[in-house]
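The structure that follows is given in the form of structure tokens.
Every chain is named by a letter (A, B, C and D) in the order it is written, and numbering of its residues begins at 1.
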């Protein structure tokens, strides 16, 4: 009967997570966390011992942006910009449109991007629609009359009896 | 039993200290090799140590508006990288800590350090930090999957994702040169270049606004914080060199059962290989130009493609490995 | 002894025939009469079993079948039909012919199932079981192919007649009397509910307006 | 000397008789809690005591699991209902005399379920279960609104047909056992039947199991026999919904499993496993899809119960020590979690004055503490770690995967679909602009927090004693 998971404690430490076999892969989160904690504490102590401890507050390094206003802040879309740029053509079917007015025209130039997220469409939107669609169809079963529910019971009974009748 | 544990613990501690001590030397070697190839005198080999010492002595300037995250991130980044470096077998494969995590966990620990760095980069709110963080993350989306593909290839080949196990496997079969492993090697080299912000992905020696990635993130740091970040990046370089050595040139590494003499040989071999790797990196960096940021996907993408092909081949020839 | 089984078998056969008669009827009053006939036959069958097996407690069951299902309930339902102005006609989902065909198929299924039973069981007991199974299935069929609330109740009670027949056929089975009393209570509740909640036409609706207002979730 | 197994049945029945006569709903509620606590104590006594096999009663490793859950949830539900039912009188939904009736019926129902659980006689088992069913029918119609009466009526008819079919199955089991055990009581005694199962006629056993599956399966809520379940849950008083989902479904399942053990003892009979696997999967996947269209919060969780009963039946259908263990564990976890959810839903219905999901919005703003408990409970029923439901679902899926990798995809798919629906509805109720009234909730939050903590504790650490206990029960199931 089905293979059991390796029991706790069969790894090198009692906290080890072992997927198949200790020789193949081990993950020991508490030990790693413990070592990270030790390492950070050691670093903290040693650095504070050895180094100059003075700290000064100063203005940010403002090359070209003397005024730290909200407009200059990084936003989610600015953060995603390199990603969009890199994957735009392949993953998002991005289409850029640039409307550049002729010289002398005072209208501003316009730039627009249309991004289609194929992954979203294929892996989220389509199955989502399928699930909702199917559930709408099945939902009819919530609104049947009692007689029809009895029919369901009866049909199940007769099917099972027929199976019993034909099998030996 | 207890004595064993103590020895193991000491060996582990020795490795952690060693990696920490030797990492700046590797960086010094890279810089020196580059300078000599450019017919410059170049800094002394120990310049990286001196830089760190100097930074530690300077006072830290913290931008107004920086939060606690900004101040605590360097310590955590350093600690995470250090622990990650300790996870990679260097001179011996049977150290205690190698058991605690496999290469998947290693990637995750490095990923945590990277995420912290990106957050710290954006903490002050200047545009440079943001540019650096977003670009770093963009590179990560390419490098990390490639890294995982390499892991899978190795796991198929050696039957384990534990680095020590993989190393033991290659020690046992030193001349098992196979196409899929060669592809993995190329792939891992590319990933290592990208992760360590080396040419052609990034240039560690410049602060050009348009192209910098790593340096843009740490622009606000100074004094002891900068020293920690620098030390972390040195460690990361040593880590990736060790990883390459451990996976593709493990000869000389002491197996799990080796005694002190085995460890001594392993240590010497490791240092020699590490420095040789640093020399090779220097030669590589001189002979190639920095890429435009948005050409990077093509370059790192090679790693992904090679990693993928390597997996397919590994699956096809699994009969050989089994 | 053999003769005792012959008579029991005959009565069970008559019950099956009345089951078909229930499906065959076009008018509610006739359905009720057929049901009364079935219940009285059941009472005779149970009484016969009580006498021939020497189990006097079964006479209680026979008495209940006779008075409650043979007389009281049919009479009450007759009056209900008249009082509530329920359709006198049986409302059919499928026609009489189709219902009878399905009924025949079910009887065949019951026979086929019981034929598989090993011969370890006495042959007349097997036959009784087949008849009871057929009566139960036909009662169930009656519940689903007839729309009228009264005919549906009759279907249920016919099913229950089959159950009592099977229970008395299982020689020496304990609790039969208790269960038959419990079922009588259940049936009375059924009839009572039809009466009190004024379930006029069908099982489905307690009140036609309520049906329009709500149906499960669609509020 | 009265034994504990008699107490589990006698205390509730005696309490029911007394409660009929107790005027004043506060005294009645207190007496209800006291009786349930006493029953729970008797249940615990049974847990630590020796097993019993007599002509009419049986207490073995298998049914003690059910008895323990039954008495525990009965006790917590009584606690909840004591603080809940007062509000129903204030709002005028129930009159004091109805509450008195409610308390008496509650005890009678608990007694009947316990009777069914400890019965060694398959006829008595049937009587107990049917009595409990009929009492819940009355309880469902307690509010006497048209919807409640329609729900009760639907429940009554479908349950009655189920009752009849299950009784026919019981007769058939008697007929099958009669040649081996002789006439009379022995051929209806489960432990004797079990011992003689290899000598029973396989064809009659097949026939009997089909009728029992349809009859008791109706009460388990297996699709397509489930139709009564969502409406009965939605329209009855909330404590009754909790008992229905948490206990009555289990008792019906228990009866089914006892007969499965009988049939499994005769190798020539049809294997009940595949049928149960198929019906379990149909229920699981069907209910998962139905969750998406629900507008009533109690009906939503009623469908979730169908989903989980499907999964449990699937696990028992797979059979084998590991799957049975996982099935039993999941049943226990589901009982605790789902009744806890219904307690929380009762709170929400009091706070918002409605059961419609569309009118329950922004709960995290108006009732932050209740919202947190509710959200955790829903996440627990979704199978999120670290709650116990995760452990059991994980075990069911892994043991299936180890034996039939492709088959494991189906329950995983169903659970995933259900997870999506529950999360979607959870979000609807938690966030958004609060609408409608936001009353103060008077009901006690102790029961639901207690259930949640138990499930959490089971998810983090299953005591080896408990594991060994469940394993012995699983082995009995074969």
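Throughout what follows, contacts are C-beta pairs under 8 Å (C-beta built on N, C-alpha and C of every residue); 3 or more make two chains touch, one makes a residue touch a chain.
No experiment lies behind these values; they were computed from the predicted model shown.
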Chain pair with the higher count of C-beta pairs in contact (A-D, A-B)
A-B
By CA centroids, point me to the most central chain in this structure.
D
I'd like the Å distance between the centres of chain A and chain B, where a centre is the mean of that chain's Cα atoms.
26
Separation of chain B from chain C, taking each centre as the mean of its C-alpha atoms, in whole Å:
82
Between chain A and chain D, centroid-to-centroid distance (C-alpha), Å:
35
Chain-centre distance (mean CA atoms) for chain B and chain D, in whole Å, is 56
Give me the residues of chain D that touch two or more other chains.
153, 157, 161, 165, 206-207, 230, 293
Two or more partner chains touched - positions in chain A
139, 142, 146, 150, 157, 161, 164
For chain C, write out the residues touching at least two other chains, lowest number first.
113, 116, 140, 143, 203, 216-217
Linking chains that touch, what shape results: line, ring, star, complete or other?
other
Full enumeration of touching chain pairs
A-B, A-C, A-D, C-D
Could you pull out which chain A residues touch chain D in their complex?
1-5, 131-132, 134-136, 138-139, 141-142, 144, 146, 149-150, 152-153, 155-157, 160-161, 163-164, 167
Which positions of chain C touch chain D when the two form their complex?
113-114, 116-118, 120-121, 125, 129, 133, 136, 140, 143, 156, 159-160, 162-163, 166-167, 170-175, 178-179, 182-183, 186, 189-190, 193, 197, 199, 203, 205-207, 210-211, 213-214, 216-217, 219
Please output the residues of chain A touching chain C within their complex, sorted ascending.
139, 142-143, 145-147, 150-151, 154, 157-158, 161-162, 164-165, 168
For chain C, which residues are in contact with chain A within the complex?
93, 106, 109, 112-113, 116, 137, 140-141, 143-144, 147, 152, 202-204, 215-218
Over in the complex, which chain D residues touch chain A? Could you list them?
153-154, 157-158, 161-162, 165, 206-207, 210-211, 213-214, 218, 224-225, 227-228, 230, 270, 275, 286, 289-293, 320-323, 398-403, 417, 420-421
